[in-house]
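Next come two complexes built around subunit A: one with subunit B, the other with subunit C.
Presenting the complex of A and B:
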């Protein structure tokens, strides 16, 4: 009991203890804020990436695509682990306005909007047709025309606060989309005949996926139109990928393994058929594998930040060690007194460890509270700074970041608190050990007082 | 006199310290025996080894050679844990510089030895008794009004009485006092000696170290230490 009482008194009555506690609180505050922001960014980025594709992607990077997708879909659509399936055509194209001569390179994605929304978050990314995805490609001004959905950053300008100025209803605008159709062998299908397929689409909506590259380069078209543009129509239709959504209780890896097994069997059965060789270029990937090139960069940044803040943790250990050295050297008389009344070495270590624990605990409580408070107001603070001083953490006209993530991840918070407590105990251990080794007679010598 | 009448016995105690290159012999074969309820004063000049002897008798220090036995048990054969228990239960120390913990109140300083020997739960069970005993001791020492004060708010004499209260908390068999009046004026010092005499009258065994022959006269027996030996 005396250990707890003395620890509290050392903490509250020794000004030097405030240094240790403030060092811990400051480190915890910084790490909580930075890790919450960076973890939030990575989490949002992953969620947005997942929402943009299915759980599992059976697809090829080849612009030729692959055939017999309908047969495969028929085979798997009744499987008990699958919730939805969407066929996708993905290719490159040039787009220009009706009165413009200058084409801009874009990526096109051919989809069936209802099916694709059942597999991905496509429906949620729309603005005008969010509540009726079936009309995603129906222009508001003339339902008989073929519409297209444009990535939001291709269509609307973001203001400095990161907001888009949406139109009340979609404007009337025609986009001429040109593609190089390819044969199943990969040759130009229209060699000697102008090379490109061009079709006019009418702007029907924007898509805001939250992924900067996607929102600035993709135009979504009806699946069949995209197939025709890319030369994937005809008697043996082709697509680029099949996006699959699993039922909620299905584990991602298990689902992908099942699809891969079914695909392997399917390829075997199709061997020898026309264009069957295209099936060999197809891979079965989970959304994490499929989007790995994009997610990995973000995760790498997160890892680097984590390492940097682990170094902050090491600094905390050092500060606590120095402060404890000073405290313990001032407390050698107390150690002598305690030993003279029969307190053991272990109890001396426990006393100073208890002191370190309380220092860490109080530092964590204050640091977490300050961090929580700061995060609660971080977006308002940024708005204030932007309005009055023109300062922004990220230039919203350049980065696809809306609000700064401020939701504290309890798992991350737990790791931070445990690490801070461990840092305090580690920092206090050596001085505690030295205090415990001190002989009572030495500690009580007049020269030590 | 039977063997059991001695509560504390020291036989052929040797102790030396290294001071730079030189080795200084402090104790050179000290023999000492203290009977129950005896009040013994050890006198000697500064540096004669009085405090070293007292520390060895109370197991705060170990001799280089020789043995100390307490109630027939050789202290050098006790394990670390047993020595801690010995210092907590059997001996009460009173130091020249009082050595109170500044962070604790007077009352807490007094019941500290009782608290130190108990776990958290053990303490919860005996807390009421310990506080009562500490208050009783403070009452006997005339410090009832000072129970909630901090040591730095007390005079030297009051602090030394608090230290005596702490030393008596666990009802030790022997009280070891190292120059208990050395830091006090003569009137206050006499007050402390009166307390010792009263305690000894009640049967408390006391070994007191002092350099002042006049103070030593209060003890029942005076032992003179000179050049590391009993004269």
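Presenting the complex of A and C:
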């Protein structure tokens, strides 16, 4: 009991200990704010990537694609762990307006909108056809035409607050999409004719996936049209990838392992058949593996920031050490008295550790509260700064970031609090040890008093 | 001074404040140098890729040789070259097809320095059996190693001399209908060299052909060659604003006389420095750097708290010293100046140490990053993410001095309150016999 009483007494009576808790609070505040924002950005990025890919992808990087996908789909459709399957064609194309002579290189993605929305978040990314995904490729002005969905950053401009100026209904615009069809051997099809496969598509909607790279470079087309454009629509049809969604109770790794096993068996069965060699280029990956190059980059930045904060946090350990050193120097009389009545070294260490714990706890409470308050108002604060001083944390016309993430991640918060408490205990250890070593007979000498 | 040295010698705890100042200064210097270096390299890479000034009309234009001649006669211009760009597919072999950007340039043979060319050749390539030759970015034909982020140059060298096929869409008007249609145009070329500029986008996306070849492909019916833009390198002593004004004058005269363009087209021509074209991004990067430095600066304020604590402790334990000095006739300000001066001294030593530490870390950042990869298997810097192959490792001394100066001031501020307490010490109370 005396440990708690003395700890509180030291904390309240020794004003110098306020400095220790102030330092802890400052560090906790900064780390909570920065890590919440960074973690939020990484989390949003991951969620958007997951939504864009689905759970698992069976695909090839080769623009030639692979055949017999329908057979494989039929087989896995029967599996009890699969919720949705979507076939996808990916390739490069030149796109130009009807009156333009300049072609722009873009990536095209051929999909069946309903199936793809059942696997990915494609339906949610639409604006005009969000509630009727089956009509994603149906232009509003003429349902008989073939439509295309354009990555939003290719079509609309973000304003300074990161908002897009959506049209009331999709404008009438024709896009001429030209692809260079490839044979199953990878050579250019129609080599002698000098022709490209060109088809006119009519703008039907925009897709806002929240992934800057995707939204600025992709145009979505109906699957069959994309197959024809890319030379994948012959007697043996080809695609680039199969996107799969697992049932909610299926673990990602388990689901991917099962699909990989089924794929392996499927390849074995198809060996010797026409175009079967294309199946060897196909890999089975989870969405995390598939988007790893992009996700890992953001995670690394998070790691680097954490390391830098850990380095700066060392100063807080120093402060706690100095403050405790001072308190121990001033309270040698207390220590002497305690030891003279039989308190052990361990108990003295526990006393000062309890004091350090209280200091850390108070610092954490204040730091977390201030951080929470700051995060609560961070977007309003940014709006205010932008309106009055033209300052934005991120220029929304350049970055695909909406609001600044402000939801505190409890796991991250837990790590920050534990680290801060550990820093306090580490800082207090040496002075506590020094206090524990004090002999009552020395501490209570008249000359020391 | 005697007391400073004595406190430094006797009070080992002061070294903690020096260490804290040094750590904060080093960290801020490293962050400022790396971020600042990144921005500089970003700006320089644009200059290297497109020249000092770019002249870009809204539509493609002919008779560019005459314009280049006029520009090169100017005192401010070192060299001017015409470029034409297009997008297409590069076919490197069975099933190996990728989307690329094609730059037709008029100075292909001399455009890249020896270290930038994987072959190591300095001068024009032998055309060999292929009448058309071109350069490709290293990222177009190879992928960097997943772990080391380095290219296999030996494997890449083997591609030199190999044939590749570029497929582009040329918009041509069909004679019978007068409607524009895309016709596939292919050009076979020998890979005369592979270019490694260290700038990810350029290395990953670009294929370079002689401008004449690209003109033949894209405009087969055109009697005159056309260019999309003119890239201009200024003389070292040229003043940018003056040069821009002079170039605009030459362009207006040329476009009026030779192209007979309408004024709106002439005025719509962008004539800007590469740095101006990047200014929006650079401003954003600088803002991000400022925010990061502010965050670390605020966290570093705890070093001020630390100095305050330590000095407060010294003042408390050395009250007798202060009292004796004051009893010898020292004024309050003299007593205070001892501790403020000591704070400055701590700041100077800490800043000096921090600057040395920051310098060492920054200059060896690539080695440190490599060691982190070897020991922890964590590749922190990838060209595909940060645009450049190497981490910029030049210390930004301007920022470093500013940071060091701020640290000295902060140290003095940290020592201020203890100094005031020292100044208010009354010798009569401290030195009384009881």
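General observations
The rule we apply is simple: the second predicted complex is superposed on the first by the 443 of 449 C-alpha atoms of A that agree within 3 Å, B and C clash if a C-alpha of one lies under 4 Å from a C-alpha of the other, contacts with A are read in each partner's own complex, and residues count from 1 in each chain.
Heads up, the rule we're going with is that a residue touches a chain if its C-beta (ideal position, glycine included) is under 8 Å from a C-beta of that chain, and two chains touch if they have at least 3 such contacts.
All figures in this text were calculated on a predicted structure; none of them were measured in a lab.
Applying the stated contact rule after C-alpha superposition, one finds that A:338 touches subunit B and leaves subunit C untouched.
By the touch criterion defined above, A:314 reaches subunit C but does not reach subunit B.
By the touch criterion defined above, A:26 reaches subunit C but does not reach subunit B. In the superposition on chain A, contact is made by A:104 with subunit C only, not with subunit B.
Of the two partner chains, neither subunit B nor subunit C is touched by A:261. In the overlay built on the shared chain, the residue A:322 is in contact with subunit C alone; subunit B does not reach it. In the superposition on chain A, A:236 makes contact with neither subunit B nor subunit C. More residues of subunit A lie in contact with C than with the other chain of the pair subunit B and subunit C.
When both complexes are overlaid on chain A, the residue A:63 reaches subunit C alone and has no touch with subunit B. Across the interface of their complex, subunit B is touched by residues 1-2, 4-6, 9-10, 13, 333-334, 336-345, 347, 439-441, 444, 446, 449 of subunit A.
Looking at the complex, you find that subunit C touches subunit A at residues 13, 16-17, 19-20, 23-24, 27, 31, 86-89, 91, 93-99, 101, 165, 167-169, 171, 180-186, 280-281, 284, 287-288, 291, 295-296, 298-303, 305-306, 308-310, 312-313, 316-317, 378, 380, 382, 384-385. Listed in rising order, the residues of subunit A touching subunit C in the complex are 16, 19-20, 22-23, 26-27, 30, 34, 62-64, 92, 94, 96, 101-105, 107, 176, 178, 180, 182, 185-188, 190, 194-196, 198, 281, 293, 297, 300, 303-304, 308-309, 311-316, 318-319, 321-323, 325-326, 329, 391, 393-395, 398. Considering their complex, residues 55, 58, 60-61, 80-81, 84-89, 93, 95, 97, 99-101, 103-104, 108, 112-113, 115-120, 123-124, 166 of subunit B touch subunit A.
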